[in-house]
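Per-chain numbering from 1; labels A, B and C assigned in written order.
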């Protein structure tokens, strides 16, 4: 049987990784912090793609590889599949997870969230919260990009959380 | 007996190559491995209808030479494994079993956080595992 | 060793919590260490930051630990160390640890880990010989103990990545704040 750890391990590790980069290593440089967190995800995705494709035939096209990410890969990592896959047939794919586990479970670090929560700036506060959540999404975006690039599909990946708790990952394949 | 095994990256860059013969024929074996890469390309781009199933990672016998048989395997991540044997009578199942175990060892080696993708595999653990897999080649029931 | 309220065994808790494939955790931790080495450059600094990250995790995990283990109060350092090894490691990492090497006055011991999911697949390159790869663990222990009023110093005595036959953490009690119990507002 495959080795397991408690889910709290991964949750607290990811929470701490994001807060370390945002508050200590790259404080006030959110873009740099984001790039570095994405790079961590990229390495993980690259390695997971290698592991999860071990006993299966090679994919014959991009769509097949993307479907693999939506089904098998997502199930291994999140215990559920992507709920909805859309494409414009010109190299852009949107993968929607209706209840993205890492946003649902992860406590967004209050020290990022509570920067300057004055009463009269609730819009700003909301903005801060969104920003903090955004920091948590660099990692899964990196995972997807790392996995696809190892499968021979160079791409850019971004996340859209305008419909929480749903989260959409937008994959743009580089021509 | 296995004469040589190799891992070749997706840009045809050698990531690992090891020969297991007493004789001083490393150069010749490397040459054989090198030549086999073209056959892999060809095999992948023009799959034979009668050959192994479309897109299967195991590519089967690439070509026989006078003294060797050369087999190929291509992962989903476009990494090639090449196996050169001196046996001329090799069971397909043994070769498949070899590649399955070799692939598992490879995947663990590149899961080392310090391994840099596209760079040579220098892991001692990997070298040991490969050596064991090579030794047990052809002994049936080897898991 | 059994305080009131029947504490649960590490195995029972591990069986009941949400679990994930360890690969994801192992690879993520590895990628973090690798990235820290790139960003912070100095191995010493990476050791320090891993310990700090662990400390922050430890002070947060202790609540979950107390809630799920049903451990209400550990009388002394000796008992606390046992609980961490037997219950704590098991319920989070799925492996059990043991406690040995007690000194005469019961303020210093070793936690020994023979199986450690953090290091599956890991081989240290020659350039990282000073790295305490698992330093996050020492931080977690230090942080968790601090939340139950025990100031400790945690150091590595043995490390399998450096060729030893087990992982051994030496835990030394520096100061025990004789206060009632954890939920103090300020430190």
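Note that in this section contacts are C-beta pairs under 8 Å (C-beta built on N, C-alpha and C of every residue); 3 or more make two chains touch, one makes a residue touch a chain.
The structure presented is a predicted model; accordingly, all values stated were derived computationally and were not measured.
Taken as a graph of touching chains, this assembly is complete, with every chain in contact with every other. Across the two candidate interfaces, A-B and A-C, the one carrying more C-beta contacts is A-C.
Centrality by C-alpha centroid: the chain sitting nearest the overall protein C-alpha mean is A. Centres computed as Cα averages put chain B at a distance of 42 Å from chain C.
Our note on geometry: chain A versus chain B, Cα centroid distance of 34 Å, whole angstroms. Chain A and chain C have CA centres that are 27 Å apart. For chain C, residues touching at least two other chains, in rising order: 23, 27, 30-31, 34, 120.
Touching two or more other chains at once are residues 43, 47, 51 of chain A. Shown for chain B are the residues in touch with two or more other chains, namely 111, 113. Of all residues in chain C, only 23, 26-27, 30-31, 33-34, 120-125, 128 touch chain B in the complex they form.
By the touch criterion stated above, chain A contacts chain C in their complex at residues 2-10, 12-17, 19-20, 24-25, 36, 39-41, 43-44, 47-48, 51, 76-77, 79.
Touching chain C in their complex are the following residues of chain B: 108-109, 111-114, 123-125. If you check the complex, the residues on chain B that touch chain A are 10, 53-57, 74-78, 100, 103-104, 107, 110-111, 113, 117. Put simply, chain A touches chain B in their complex at residues 43, 46-47, 49-51, 53-60, 150-152.
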